[in-house]
Structures are given as C-alpha cells and as structure tokens.
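You will see two complexes here that share chain A, one where it goes with chain B and one where it goes with chain C.
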Partner chain A sequence: MSDKANKGLLSPLRRKLLMGMAAVPVITMLPRASFAQTPATSAVNTTGLAITDTEVTVGILHSATGTMAISETGSIEAEKLAIEQINAMGGVLGRKIKFIQEDGASDWPTFAEKAKKLLVNDKVAAIMGCWTSASRKAVLPVMEQYNGMLYYPTFYEGLEQSKNVIYTGQEATQQILAGLNWIAKEKGAKSFFFIGSDYIWPRTSNKIARKHVENVLKGKVVGEEYYPLGNTQFNSVINKIKLTKPDVIFTDVVGGSNVAFYKQLKAAGIDLSKQALLTISVTEDEIDGIGGENIAGAYACMKYFQSLDNPNNKTFVPAFKTMWGEKTVIGDVTQAAYLGPWLWKLTVEKAGSFDVDKIAAASPGVEFKNAPEGYVRIHENHHLWSKTRVGRAKLDGQFELIYETADLVEPDPFPKGYQ
Partner chain B sequence: MFGDYSLGDLGSIFVMQGFAGLILFSVYVLMALGLAIIFGQMGVINMAHGEFMILGAYVTWMTSNIFQSYLPSLFSGYFFLAMILAFVASGALGMLVEWVLIRHLYKRPLDTLLATWGLSLMLQQAYRSVFGAREVGVELPQWMLGSLHVTDSIEVPINGVFVMCLTLLITVCVAYVMYKSRWGRQVRAVVQNRVMAGAVGINTEKVDRYTYGLGCGIAGIAGSAFTMIGSTGPTSGQLYIVDTFLVVVFGGAASLLGTIASAFSISQTQSTLEFFMSGSMAKVLTLLAVVGILMLRPQGLFALKVRK
Partner chain C sequence: MTDNRFFNRSEFIGILVLAVFLMVILPLTLDVFRLNLVAKYLTYAFVALGLVVCWGYGGILSLGQGVFFGLGGYCMAMFLKLEASSVENTKIQSTPGIPDFMDWNQITALPLFWKPFSSLTFTIAAIILVPGIFALIIGTAMFKRRVGGTYFAIITQAVAAILTILIVGQQGYTGGINGMTDLRTLKGWDIRPDHAKVVLYFFEVGCLFVCIMIAQFVRHSKLGRILVAMREKEDRVRFSGYSVANFKIFAFCVAAVFAAIGGAMFALNVGFMSPSFVGIVPSIEMVIYTAVGGRLSILGAVYGTLLVNFAKTSLSETFPELWLFGLGGLFIAVVLAFPNGLAGIWGDYVQPHIDRLISSRKPKPEGWTDKSVTDGAPAE
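What follows is the complex of A and B.
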C-alpha cells in the first residue's frame, strides 16, 4: 500500500523529468543494432511495468458481455490476431506479448475500475480497449492519473486529445467532410435530412455536418431528427423524409435501432438505389444484423471496408477468417482495433523503450505500412492520418469501394469553424 | 411548416401518418398481450418478457436457416411455421420457468420482479453464448418485403399490414380463450379467488402453469413477428420491455380491453407528436402525459379486481 502511495507522489515529478528527456532525440542516441537482440529489461523498462526478459504484458479492455458486446467482439478478435501475429514475428524488443483480458461489461464505471486494475495491479505496458465514447471518457482520468497508454479503436466525435491515448479510429471531421463533399459533387446534392440516435456522437457529428453543408457546400438541411437509443419505430420520420424529399438522407443511428430503421425504410418503399443515403454508422458488422437486402445501395463513409483491394488487406482478411471463422465479417472499427497492437509495437521499437512517456513522445510520425486500410501515420495530436472512403452496400453485406480521398486526411479533433 | 407543400402531398402524408400510428398500435398490442396475461391476470411482474420475445425471434431465425438449407422451395411460407414454433418454444420455456421459479413466489409478487430480472440477465447471457454476441439477420421471404403501392405518393408497408392482421387474429383468439372457453373461466376464477376456485375443484396449479405458458408463448409470437421490423440480438428484448410495461400499467393491469385502449392512446399520441417534433421530444411528452394521467387514476384506464 505504501509502495503505491509513494509512486503516486513521485509520478508527477517523474513525468516532468521524462517529458524533458523525450525532447532529447532519444532514438538517435541508441545504436540501431541493439534492436536486433533483446535489450536488457532494466534499460527498456524504467517505470516498473510488467516486463520480463522474455515477456511483456498488455491489457485488453472491452465489453465481452452486455449490450456493447455486439460491437466490441470484433475489436477483441482483431487485437488478439494482431498480438498473435506480432508474437509469431518475434514479439516486441525480443519479448513475447502476453495479454490480460478484462470485461468492461458495457458499464462505464466498470471500465474505469478494470483500467485501474490493469494499470495498478497488473502493471500492463499498454491497454487496447474501450469502444463507446462514454467508456473512454470514464477510463481517461485513470489513464492520465496512473500514466497508462490506451489504444482506442472507434471513430468518434473528436474534441479530445490526450498524451495517454492513441486514437486509431477517425475523429468526426475525418469521417464526415470528405464523404459530404463527394456526395454533393457526385449527386449534385443540395438538401440533406439528418437522422441520428440521441447521444453525444450523432449530435456532435451532425453539428459538424450541418456547418459543412450550410457554410461550405451551400446546401440546406431540411430536417434533423433524433430518436432515443433503442427506438424501434421509425415510420413517422420516414414519412417526414417522404414529405421533404431530401437529396440525401444522412444517418448516424446506432445499435438495434439501426436494424429497425433500415427494415422500415425498405418496407416504406424508399428505394436506396434511387434515394441517396449516406451513413457514418453502418459497417459490415451492422449489416449482418440489418440484412444486405434491406440496405443494398446505401453509401457508407468509413476508412476501411473488408472488400478493399490492396496487398495488405489481402493477407489480413484471410488471416482474420482463419483465426475467427469463415463467416466473420470485418468492419471499420475492427480494422482500427487491429492497428492498436501494431502501432504500439512500432512505437516501442522507435522509442527503444516500453516507458509510457517515451512512447507518448515517440508516437507522432510512427508509420504502419502494413495496415489493412493501406498506410497510416500517427499525427502530433495522437490521431491517425488516414484516407476517407465511401462504399456502396451490396446485397451480400459487403461494400463496394466507390470513392477514396487522393491523400491522407489530416486529423483535426478541434475543428475551427465547426463548433 | 406546411406552407411549402401541395394539398395532395399533405393528404397522402396524413394518410400514411395515420397508418404509421395504426402500425405502432398493433406493435404495442402485440408486445403487451402476453404481459397483460402474466402481469394482469397473475400479478407476476415479468421482467423477462423481452427475453421470451427474443427466444421467438431466434426460433424464427433458426427456422429460416433450416428452410434455406433443406427446403428452399417452401421458403416463402416458412414464417407461419416459425411463428408456431416460436409459440411452442417460448411457451414451453415459460412453463418450465413457472414450475422452477415463479410458483414459489405467488405470495410475494414484488420478489417476482427481482427473480424475473435475474432470469432476463441469465437468458441474455445464454443467447450470447449460444448464438454469439452479434445480431443475426433474419431473412424474410420476398413477398413480405416492400410496400403496397396505393397511389403515387401513398405506400403501405407490407410488414405493417402483416403485423396488424396478426395482432387482430391473436387478440381475437386471446379474448375468446379468456372470456368464452371453459379454461378461461377457470383462469378468471383463480384470479378472483384462488381458495374458492380450488374448493370447487379447479386445479389452480395447473391453471397457473398454463396461464404463464400462454403469456410467454404469445410473447414468442410477438418476437417472431418483430424480426420483420427490428433487430434480433441477445439484448434486443430490452428494447421492448419499457414500452410493454407502460402499455399494460397504463391500461389497468387486469383488463385486456384496457391494454388495447392504452396501446391505442399511447401509439396515437406518440406518432402524432413525432410528426411535429423530434422523436426524443415526442417520447418525453408521451411519457409525461402517461405519468400525469396515472397520478389522477393510479389504477390505470380500466381497472378490475386483481388477485391479492
């Protein structure tokens, strides 16, 4: 107990010292060759993390039970695959990754508690985890207090940045703007109807989308509607859509509501091959529940689709299916979760250390060339540079890539003019 | 807000909006009927109602898979068999649960709330272990998809019409069973006076078991029908439980007529308000109205004597 208290007292000082050290170009001081062999534990682990000469421990923290298990299962699978692959290649700095999996149980205080357990009791070197913004917000103070490192996979609303988090999903502007630009140009769209679930992510995303439609695209938002999470009846809003006849329906409905929305849209005779619909909340995972026939023709704005045609993805998809079964599908967030362990490994090797402060400082500029989505690089703000893509849903539940940005899109978690 | 639209447009929207209200009404009645029997007639606060519905949905999903693999030629008709199987499966599980759990709690109705809530958590985790955490997509035969084209601007969803017909059929059946059949008289006799009913030779334990089974079976049919309009996953049942209790409590616990009247008023309020404001606000106002009315009339719209 006293040991813990001491650490707590010491850590602000230590953090400052280490931040100062990080300014020194650490990497150039270390001889490159040392990465080939296994460096001594005392050299790569100065803060008492759970690292031995042969092993390093990381944490996986997702909901395996409760409502969110639907979404988070894919992330758990992707992270385990990445860890297995890294171990097969010899591990990180010569050490095999061992993981401790904790269940956040779709309950935000539980997430915070488990994060604390992983950092304080297990002394994990990094945590791959969280899914909803609510769980991340609950875990964030823990990560900052005990100086942990979190790799967070989900696309989210932005307006956050932390030394202790690497955001491997897209923030809102990265996800939305290029998609809106594309659909405005491609379909000549001028009027938009927004419909979302009623919580922070859809509301923030729609706020950004509205500013973009009104100020940049000079279009008009003819409706903006929110339904409670879990709502299963959308007939009224579908009637409103029919009445206002928007060029584009822009949706961020999530969870079980998603299924109800598309089934009822189809039943109401709205033909998605004629009525343009752009969603930022439907990945291959969701289509499993919605049914391909109910959503075929809709456009989704993501950074990854399982059908992407590039060499990295062609090795990633079969590897995933070998490990988790032929029928599993891979959605955008699953791929982002797969990036977490890899980015951490690359950053550790760049920093030549497992120390969290060194990793935080070394992260900007780390590139992962074998990412299934193509190529990603960590920005100074700890988000990823990545491309925005638009896919069209097909009957078989897969997306057909329609458009991708020519260059990587810069992450901008605090977008000026959009707040 | 209507200035920009032509009279024809408005006319057809009002027709369709009226229809949306009727569909919502049918959905509410269908999901509440089973609970009206269990909670209304037996006084058991069945928090696992949603999970019995989802069992029906999973049975439908399995039936559709079996038909696709082995009997593709009969696929267009599988849904009817699936609904019967859903009734049998949920009803059987209901009877088992009554025998193991509920019958020990008849004298402590509030404890049924905790017990069935625990049961709902267990069932959710069981579905997750058996069927996986992800939602499953139930494939429907072609004729159940899409809409009936009435005029250029009026389109009526087929699944809505289907749910309406199904609701009507089941309501009529339940009303007949409860009010006309010999068994229904026994159920009502037990509700009104258990001791006396036993004294005149009614096997009250058997009546209890079948009543609970019937309520759960109807929940199973509802779950099966809702695969057309909603999601099927381990926790999907939770989406319905609040609305279901709302309808039953508002209607007056022991009255079938009350359940129907309450489903009608709630659905019409909800769907009219939804048209003029956002869905979340409509829900808030509907709930406020319900709370207000229940404060004035705590027994609900229609009240009968309940088993003590």
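What follows is the complex of A and C.
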C-alpha cells in the first residue's frame, strides 16, 4: 500500500526520464515500428472524435477511489505505461495519445456517467476501462448508444458480446475448463467444493465448472457456497470442507475477503501443500494482501503470471517496475489492461482510421505478438485467443508456472452445454 | 399575494427564483449531457426534501432513506426492464422474453411478483404505495413503542443493510450487485436519446415542484407546527393530548414517498438501478445533502443537493485521484462553520439585506429559522 501512495511523489522530470528508459527496449523489440507518414485528420476521423493532426485523445476509466481502487490501480498503471510506450514509438497513425482519466469511484452509475462524459463531451477515440462486471454492465448501454469503443481487461463471466467492446481478459470457459482438466488429470481429483463471492461472475463461473465436473470429468461437486462481497467469516464453510474432504477446493472469492479466507483456512489447519486448492480469482495483486505464507501451495488458473519466462515478459516487467516502483506486482488483469492500448493502436493502423465502426470491423484477426503473455489474437466475437495457465503460489507471493495449454484457447462467451 | 396558507412573500420569491433557475437558466446554459446530470442530482433532491419534513421539522433522523429511494427506483426499473426484455430483444438467451439477469441465473419463467409490473398504472401505484406502506409498518412498529432518536436512526440503518443484502443475494430476481441495466423505453417511447432526456428533465422538475408544494403545505399547516413542537418538546405535545406517534409516522411516510418518487425518477433519467443506492453509505450521503442545504429549509435542500453533487462531479473530473479529500473537506467546513447549511448562510447574511432593500421594516433580530418556522403563516 505505502509504495502505491509514494508513486505520486516521483518528480515529473524523473518520471519522464524513467519512461524514456522504459520505452527503449520496446522500440528495439518492435522492428516494424510504424513511423509512417501522418495521414490527414479528415481521412482518418470522419465521426468528429477528438483527434488533431498531432494528437488523439483516449479515456481511462477505472476506480481510483473506493473499495475497488486496490484492484484497479494496476490496470490504470498498465494502461498509462502502454500509452507512454506507444507515444515513444511515434504514436498511432503519427498522432501522440493523450489520455483523460476519470474516476469511476467503485460506483457503477458513476462509471456510466463518466463513460458518457468521455464519449459525449470529450469525444474520446477509445476508452480503456471498467473492472467489475457490474461496472461494465452499467457502461455497456452507454457505449452502444454513443458508439464508443471499450477495451475491458478483466476475466469475466462471458454471456456477452458487443460490437463496442474488446474483451482483453478471458471469459469463463477459457479460464476454467483447462484448469479443471489439468487438476483432474494431475491430482486424480473427483470431488470438488465450490466457494465464491455472491455475484454474477462467481455464480456463472461455478455453474460452468459444475457442468464440466459432472458431465465431462464425471466427478462430483460436494458443496457450493456463496458469501457476500466483503465477507470475512469463513469458519462455517471451512468446517464443511473438513467434513466433506473434497479432492479440490475451487474458489472464486474476490477482493478483501480473500485475506480472511486464506488466513482462516491456514488457522484451521488445512495445509495447501496437501489439500489441493484451485482459485480463479487470486492474482499476484491479491497475494500482496493475503501474504505469501498464507496461500503458498495453492493453484491459480488464469492466463498470465508475472513470473512467465518469455522475452516479451522480460521486457515488460522491468519497464513496469521502472515506471511504477520496484515493489509493484503485476497480476493477470494488469497485463490484460496493458494489451488494451496496444490492440487499439494495432487495430487503428490495420483499419487506417480512428472511426469506431471501422475499428470494430477490423478488430477480428488483429494480432499482438509482443504481449507479455505471449502471442494473442482477437476473435470474431471480440474476445482474445489466449493460453490458459496454472501456477502454484510461492512464499514470496509469486506464482511458479506448472502447466500451460499447448495451443491458444478459443473464447466462447456463449458456451453450448454449459448454460 | 397568493394563498397565504402556503407561503409568505420571501418564500414565494424563493420558489419563483428556483423555478426560473431550474426551468429557464439551466436548460438554456447547459448541454444535454450536463442537463441530464442535473436531472440525476435532482432525483436526490426529492430525498432531501423528504428529510427536511421528517428530520428538519419532525426531528426524526432517518439514516435509511436509500431504502425508499431504492424501492421506488426498483419498481420503475422493473417496469422498464420488462419492456426492454421483449422476445425479439432477448433472442440470444436460453429463455427469451425474460430479463437478461434471470436468464443468467437459470430462471426459466417470469416470477409471479414481476408480472404486475408490465402495467404502467400498477407500477405508478406501486412506486407510491410500496414504500409508503413499508414506511407505515416500520413507523408504526417503532413510534408506537416510542423508539426514537438515535435508536430509530440505527434501526433505519439496519433496514438499509438488510435490503441491500436481500437484493444482492436474490440476484436471479433482482439483478444482484449489477442492478438492472440497459433500460430502454417507456411505453414504446425511447428514453435514451437527447430530446427524451430534455422532456424527462422538465417532467422531473415538475414533479419536484409538486413535492415542494406538499412540503410547504405540511410546514404551514397545523400539522407542521405540531411536528416542530414535537421536535422541541415531545412530552409536552403528548401531554396536550396529541398522538405523537401518528404525527411521526405521517412525517416518516411523507419522506419515504418523496424518496421513492426520486428513485423512480432516477431509474427513468439514468436508465439504471442498482443496490448501490439502497445501502447505508448512500443513505448517509442523502442526509449530508440535506445538512449542507440546511435541514430546516425546503429550498435549501434542493440547492444543497445540487451543490454537493455538482462539486462531486467537477472535483472528480478535475482531480480523479484526490477528489474525495476535497469533498470531505467541504462537508467538514460547512458543518463546522455553518451548522444551518446554505439556508443558514442565506438567512444570516443575504436575506437581511434583501429585506432592507424591499421593505422599510427592520429585519427581525432573532434567527431566521425560528422565524420561518413559527411565523410561517403570517396573518397579513
């Protein structure tokens, strides 16, 4: 927490220097960097967006205050880093990206209000933003009504697809199925206990997981429990776990509740090196609060871990730390947020225009080879093809990569047989 | 001079000024986006108005007005959501024709209590009656047992917490934490385009003035004076033979119905309803609006709501990471320096000068508040 507070204290000069340094490896990393000639504004902007001959404005819309600020700060940081790097390479179609940041304040209607402000007043070319499903649901009608473009970073429940949204995180089947297959095979798991926070994402994820366990893996779900957001009393469910002795505890508890959950699990004598636990909601960011010693041994299933060993990630992690401080950690969503500005830039260049309709049409097939998670590509349904990975939490708060799918997993927001 | 039962001269001028401000100045100077924001702010003014009646006059501090705001809002949202969930709009679902969140929660038929909300007449009745009856039940249970003051405030908070948990927990029926989003049309009339927003704004301002008139009436009637007497010395009123509980219940119900109308306006103007307006925090925020405006002043409540929300929007747009501190500072400053809020500032510093200008009579030396409440219906 304290280092987050200190970030603002970096002097502007020092920040500029740091960002310049951060951008150097990226320039060398992308040989095809587009220093192309600047096309005329009238040609690339036919719908009156805030674009001049030298600048293009985008919006950043996350919670900088309120309960979600801890989670969303990483996304804001990643998006700013991506924008700085893109500007250091010459911008998009010869225009530097200028961003307007708005605070959604962890309040869904505020998100809708600010999204509308960004689109109607500021005429931004794209919005990088939202985090919780609730905030996205609130913003979605605004995006569709005013024809905006939203790059949404969080892994989410699926059951949605919009011309005006690019989902840079995984939808539920992408995230869950490969992880369940792996743990069933690796641990011979047959019985599962589901614990989640009580809202749409955990409920939908668990519904998909239950269908998969029962119909595909021929296993059994021995318990399914939900707790309100922010709940800190997990003793009764821990007792049930002790009684039912499931092979795997499958959790999608979110936010601050995780801290209480893992501490109480440990206090109750459940040793995660013996009891398999698979979570789809704990990233490096959450472990920061939980404490590595409380969760070491647990498995997490998502698409990105900070410890990934590939050339892209080896440039990305130091660049992020140079800009935002040595102690910051990078979780799955932070990485997905970093993809947003890049995918937008690549799509704009493919479409040769900033017009939202043209970007929406050009999005399918756009590839980003330098993604920290590896290669990604946008699917026709505006989600990303991506690999699913399983990591094991270590004492130092990092994940050790245990398994990854051989191929990219196809996004399937409306999965047949899982609804 | 118009009906003296309703207002004295300065109140009449005040209402006129507010009407010109809301109906002429704002629509002429703001673009539709900002005007729609004002419409959103004004939905809270209904709640603040109710709090003036129940807290300012009756002395009943309710920290659970979000409950009634939410009930009204949800009634309206249910009607709008049903209309938005026509079979052709929801073809993609496994059960077309029901709201999308029901489909996500494996509900395959419209629940029974949703069905009447396809009628607009029923919905309008429900917006008034559901919160009204709910307030009647809470009020009767509390005030007949002479529960009041801090204990009553705590219980209203508990009700707010319970309703939030209920809404979040029953997400198949209520939309859960996401709330009800993507509300589109009212009887086939699209509520989303700019011209609709303008029409809705004027409709809302109209409703607000009706509520202001009702509040004025309550304040200047014998009822209003009994409320004030109760606030100052409850036992004395009881010993004089009045049923204190019934008056309190009435004030509480009026506040509840005002809040519910605000909630319904919110769903219409913003196209959205969620449990984040029902809980403890929004309920306390609504009390703050009233406090900033001046809890004894009907018009102050409207200005206070507008000021706080305007500050909220502009501070958060200018300083996305620091705005909450600014807002907090503003509240502390207002409460410490001007305990009677904006209306207090007006009454203490501005009104005397105006009085001196428009009449030769000297301003009365006692506080403006007592004057306006007790001498509310002048004989002249």
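We take it that the second predicted complex is superposed on the first by the 384 of 419 C-alpha atoms of A that agree within 3 Å, B and C clash if a C-alpha of one lies under 4 Å from a C-alpha of the other, contacts with A are read in each partner's own complex, and residues count from 1 in each chain.
As a working rule, contacts are C-beta pairs under 8 Å (C-beta built on N, C-alpha and C of every residue); 3 or more make two chains touch, one makes a residue touch a chain.
Please read these numbers as outputs of a predicted model, since none were measured by experiment.
**Student:** Do chain B and chain C fit side by side on chain A after the overlay, or clash?
**Tutor:** Verdict on chain A: chain B and chain C fit.
**Student:** Give one of first, second, both or neither to describe whether A:S191 is in contact with chain B, with chain C, with both, or with none.
**Tutor:** In the superposed model, A:S191 contacts neither chain B nor chain C.
**Student:** For A:D103, decide between first (touching chain B), second (touching chain C), both and neither.
**Tutor:** In the superposition, A:D103 contacts chain C only.
**Student:** Quick one: classify A:G291 as touching chain B (first), chain C (second), both or neither.
**Tutor:** Only chain B is touched by A:G291; chain C is not.
**Student:** One more residue to check, A:N370. First (chain B), second (chain C), both or neither?
**Tutor:** neither
**Student:** A:Q419 in the overlay: touching chain B, chain C, both, or neither? Say first, second, both or neither.
**Tutor:** It touches chain C, and chain B stays clear.
**Student:** Applying the document's definition of touch, where does A:T65 land relative to chain B and chain C: first, second, both, or neither?
**Tutor:** both
**Student:** Answer with first, second, both or neither: which of chain B and chain C does A:N312 touch in the superposed model?
**Tutor:** Neither: A:N312 stays clear of chain B and chain C.
**Student:** Answer with first, second, both or neither: which of chain B and chain C does A:P228 touch in the superposed model?
**Tutor:** both
**Student:** With both complexes placed on chain A, how many Å separate the closest C-alpha atoms of chain B and chain C?
**Tutor:** Least C-alpha distance after superposition: 6 Å.
**Student:** Touching chain B in one complex and chain C in the other: list those residues of chain A.
**Tutor:** 64-65, 198, 228
**Student:** Over in the complex, which chain C residues touch chain A? Could you list them?
**Tutor:** Residues of chain C touching chain A: 31, 33, 37, 40, 92, 94, 101, 104-106, 165, 168-169, 171, 176-179, 181-182, 192, 270-272, 274, 276-277, 313, 316-317, 320-321, 323-324.
**Student:** Could you list, by residue number, the parts of chain A that touch chain B in their complex?
**Tutor:** Against chain B, chain A makes touches at 64-67, 69-70, 73, 198, 224-228, 230-233, 235-240, 242-243, 255-260, 263-264, 266-269, 285-293.
**Student:** Report the residues of chain A in contact with chain C in the complex, numbered from low to high.
**Tutor:** So the residues of chain A in touch with chain C come to 8, 64-65, 101-103, 105, 107-110, 112-114, 116-117, 120-121, 133-134, 137-138, 140-141, 145, 157, 159, 198-200, 203-204, 207, 228-229, 414, 419.
**Student:** Using the touch definition from the top, list the residues of chain B that touch chain A in their complex.
**Tutor:** 5, 9, 13, 16-17, 19-20, 23-24, 27, 125, 128, 132-139, 145-147, 149, 153, 155, 157-160, 226, 228-236, 238-240, 270-271, 274-275, 278-280, 282-283
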